[in-house]
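Written out below as structure tokens is the structure these notes cover.
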């Protein structure tokens, strides 16, 4: 909570910059329109104009805020398809889309984390895997996922898998890598002396794993989970772009397609907020676990 | 001092060369040593002379590149698998995610002692090193000296015949050190363990040991082996006796010689 | 009932109203069909989906379909609900462009992803190079919206009569500030939004029968949509999972789409087909297709469906 | 250390039993599957054997062998299961395409990597480094900026890219802008972390010398921060490349890797798509490797760089 | 021992309480001490009694929460800015990216010595701590003891009036330690520096110091201040004289008393 003051200050500064930038970026269009209408714009008119365009280059903060409010609370409480009137979340509300994205993210995150941990264990315990898999894991992350996402979806589609799972798989593809890297580092973090100690006890590989490597890897595990959960979210969003079946990704793109700048920004903020919440949850779990393990100081 | 009944550890012409990027390092050269059952052997010598390395060879943490080394008539590695060793490392090396109690319990869990026995032993060794009451604390909540004592307790908790200790009392002040020296002697007398002990302190080596091994550096080799004439019963003020001072003098001379030709 | 999966070319919008109406009004059900409509999107190539077996029939533009056919994916046009093309180039009047002869030296926005074929063949018929040299035009790969025109990043952009054009208008530029070049008027129109299936599946009489019923019901949907544009638009909106479309825009789109579909009963007009093929073949050095396609269309389905 | 336990013992009996069991199980399901599993198992055993060796050659051979195995499996799978090449082309076709389209691929790399990615990378990492140093003296700014920075870093690029295209035009500048946004915060966070990485005792030493801020910065804190800075530089290499490619999906001139990938899917030229992906992976790996190499040279003193 | 001419360091009722998450820790309580110019003062006491903390207060690395502390008549911080201190930390703390030579050159660079002078001084102090020939090596290529010597050399390279050393010889074996003790005494005699020295070794404290400060733990306070009766000229065998043994005895008693009430 001691961060509150500084954060608010920074946010305030950003808002100011944002407003100034909005005026600057949107001025050209406002002047254009005035010229077409054959009028001259005074400064205050110009400012007023730039902060209230319907498809601005940069929507003003209050426009984004209004859009967020509109597409969450107002839509659900008053909209024809909203929660109050229809009994289910509205397709027009960010809550609904955030939920869609979140569910794909969670499934993908679970798959990615599981796969990442298994791969890491394999790399640490199997020399052949260590030598051959890691360079390819790095290479796999240099592939532009957005490029192959549609192909993954088409291929999965052709074997009858659609809906949540393709998104989740793309999401898993992005999140497994940080987990592998972190866990490999973590499982290897015990120093020579800690390992030697177990050797003097003649402990087996399984005991070494459960009593030393795994607990020692926990800080690395959580650090990579934080990166991984954010990557999962990006993956889910990327997976939503080609199949316009809802979700924040679909929302982003639809906004872009119809030039609804405020809608893009609202979806962007929803996505970032979702990421912040997810990372926050992982952080809370991390704190609890590490405290219970006596590793948080 | 009666001649040891049987040899527990016997090293014959042990050699060890580390291969490093900068070229080989000859850490041990032609080490010959026999340690009998129930002996207390101290290793002393300048920094880098191979004390730690030799202890690690005994515990099968390092493999000699030449010569033969047997423990209980087996290879060190077989002895290790038979859980013959308790080892105290030069640094405490406690697992930070386990409490002091949990750290001491670790070898007991691995060796499959039952719960009640575990609790019992933990309490006993904590008492021994004056850490009763700290069982639930985490390592970082203790001072360096206390951590070192916890790691000693950890090595004493299970019944290893051979106890290898690498500068266990390095981080402690003189008073605490004296106290632990007494405790260690008492434990040794009671359990008849065979103890290998590395130290930089001449009085400590002389006070504790039945046999003092003086080493000299690069390549590490044994320059003197001194059988202590002191009785098994050793009050602290034995350190002022002429026998004690004579032994200490001989150790110091051996050390000095090692320094000269280094 | 027979299960049929229809892959659309683009997101749910009034461009595909006929199918949604047929679904919503039970026309498919009446024909004993169970139709799943998969919306498309950017980067989903309908041709790829159908090749992978993810759909039975797809809505596609003829240039893309013929190009795919030449690449070894034997697509066959079984029906053509869109009679005319809605594609055009929209320019700002203030740029001084009055006709195609003014294009050289200009920057033009073009859709790619298979939508570039009509444009490229038009340019090569005009003899204007598209590689950015002084004598030619600079081509931009236009994104999903009309921003390049509004932000003056391009002098002309591609628009559909039923969609993007109106976004430009909505943004605040009046019709008389714009100058448009409809492909229809330029004589380079190619057929849009036909229904395509894989050739080998037509050997299966049951599939042919199901397709006939599908086309019949779909055309019924189209005609219903033409007559009830507002209701059709609402049906489309109900099916839009992104919740991004507005009623106003979809109703207007429906009206414009109706102008393109009204001339068709569903059967492919072979004259239109020939014109499309010729246009694509005459692509100068880099034509979209290099040889006359064979067997790229059939009247078998529409004959059964419409009689 | 456990790592030194010899892993290179001859393949144990149990391993062979397992392998045979897996093969038989696969054979019961499908003959083609059995072939694939068989190839995999054989290759894996060879690989285990190779990886057991400590030579420089073995270090290179293991990953190469692994990669080759994957390629062979891919090729086999495509042929055995008759996967249409518009869905997934075999590696041989991709290689053939790379051989014939070298010019296009190179032009795309120049546009996307050298103009877009590298410029953005240098600018983004550079400003992040300077910003980190600037806010380093103020805990207030750090506390305020880092949470907000994390929030901004979580903005999905797919949302940011169209906006950047709108702001900075279609050329490589908008791609560089996307890259700047993508790399800025990871780099900032790592550098800030790194500037804190010097130990209290090392800082106290500087205090006893009454060293000035700049002396402390250059002689202690920047060197101590190097491992973290390189961590940031390494992570951001792949981010930069992906960012530049993805941004091209949202509007670009008619060249660039992202442009080629997105338009070629639409043209069903999947071999070209995969050729670009291969190039991206190779360039990305080289980029990463180069930074890692530099890291080895500049942070030779760090424990992680020593055996 | 002649009375010191002037007080370089004077502590009056110095108090220091650390505020930690677990509550305050009272590390120093009512410390009164005057150190004259050219004195060699050793601090001895059980682990955790506040020796390091007091040394840090003198060097302005810690600020007392009560009492007054002046150095050269200034506040410690002013003295620090006047570059009055050379400080040897409890651990070597060499910068791993600099060679041994580079580490020793560090303070010289900061204080703006010219290149020739830097090279000259580096060579001289390396000689002093027996590390000539290791100038180009990196810290991790040296054993722990050698690193510790390098850090001592670093503090000796420039002309600070006050030398503060926190257990500088902890990691060294007896022979090296003796040698460095002699060297340090010689340096002190030659340069007339004022030295504050923390150690756990009673003989070392007695051998080196003109004044021995015995401390006892929690809250850390001074229990005894012993002015050494030994002459300034001290050969190593002075350690066998009765005066020496008497002082050592007094120190040991003081220490023991501290342990009892802890």
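Points worth noting:
Per-chain residue numbering starts at 1, and chain names A, B, C, D and E are given in the order in which the chains are listed.
Methods note: contacts are C-beta pairs under 8 Å (C-beta built on N, C-alpha and C of every residue); 3 or more make two chains touch, one makes a residue touch a chain.
What you see is a predicted model, and the numbers here were worked out from it, not measured in a lab.
Within the contact network of the assembly, the step distance from chain C to chain D comes to 1.
Shared contact partners of chain B and chain E do not exist in this assembly. The innermost chain, defined by the distance from its C-alpha mean to the mean of all protein C-alpha atoms, is D. By number of C-beta pairs in contact, chains A-D lead all other pairings. Chain centres here are Cα averages; for chain A and chain D they lie 19 Å apart.
Averaging C-alpha coordinates per chain places the centre of chain D 50 Å away from that of chain E. Measuring from the averaged C-alpha position of chain B to that of chain D gives a distance of 48 Å. Residue positions of chain D touching 2 or more other chains: 87, 162, 166, 249-250, 262, 265. Shared interface positions of chain E, i.e. residues touching 2 or more other chains, are not present. Annotation for chain A: residues touching 2 or more other chains are 57, 146, 150-151, 154-155, 158, 196, 199, 241, 253, 256.
Which chains touch which is summed up as A-B, A-C, A-D, B-E, C-D, D-E. Contact residues on chain D toward chain C in their complex (touch as defined above): 84-87, 162, 165-166, 169-170, 248-254, 259, 262-263, 265-269. In the complex of the two chains, the chain E residues touching chain B come out as 45-48, 141, 143-146, 170-176, 200-202, 252, 255-256, 259. Across the interface of their complex, chain D is touched by residues 42-43, 45, 47-48, 51-52, 64, 67-68, 71-73, 112-116, 130, 132, 138-145, 147-148, 151, 153 of chain C. Across the interface of their complex, chain C is touched by residues 29, 33, 36, 54-55, 57, 90-93, 96-97, 146, 149-151, 153-155, 157-158, 241-246, 250-251, 253-260, 263 of chain A. Touching chain A in their complex are the following residues of chain D: 1-2, 7-8, 44, 47-48, 50-52, 58-59, 62-63, 65-67, 70, 87-88, 140-145, 147-148, 150-160, 162-163, 166-167, 238, 241-242, 245-246, 249-250, 257-258, 261-262, 265, 273, 276-277, 280-285, 287-288.
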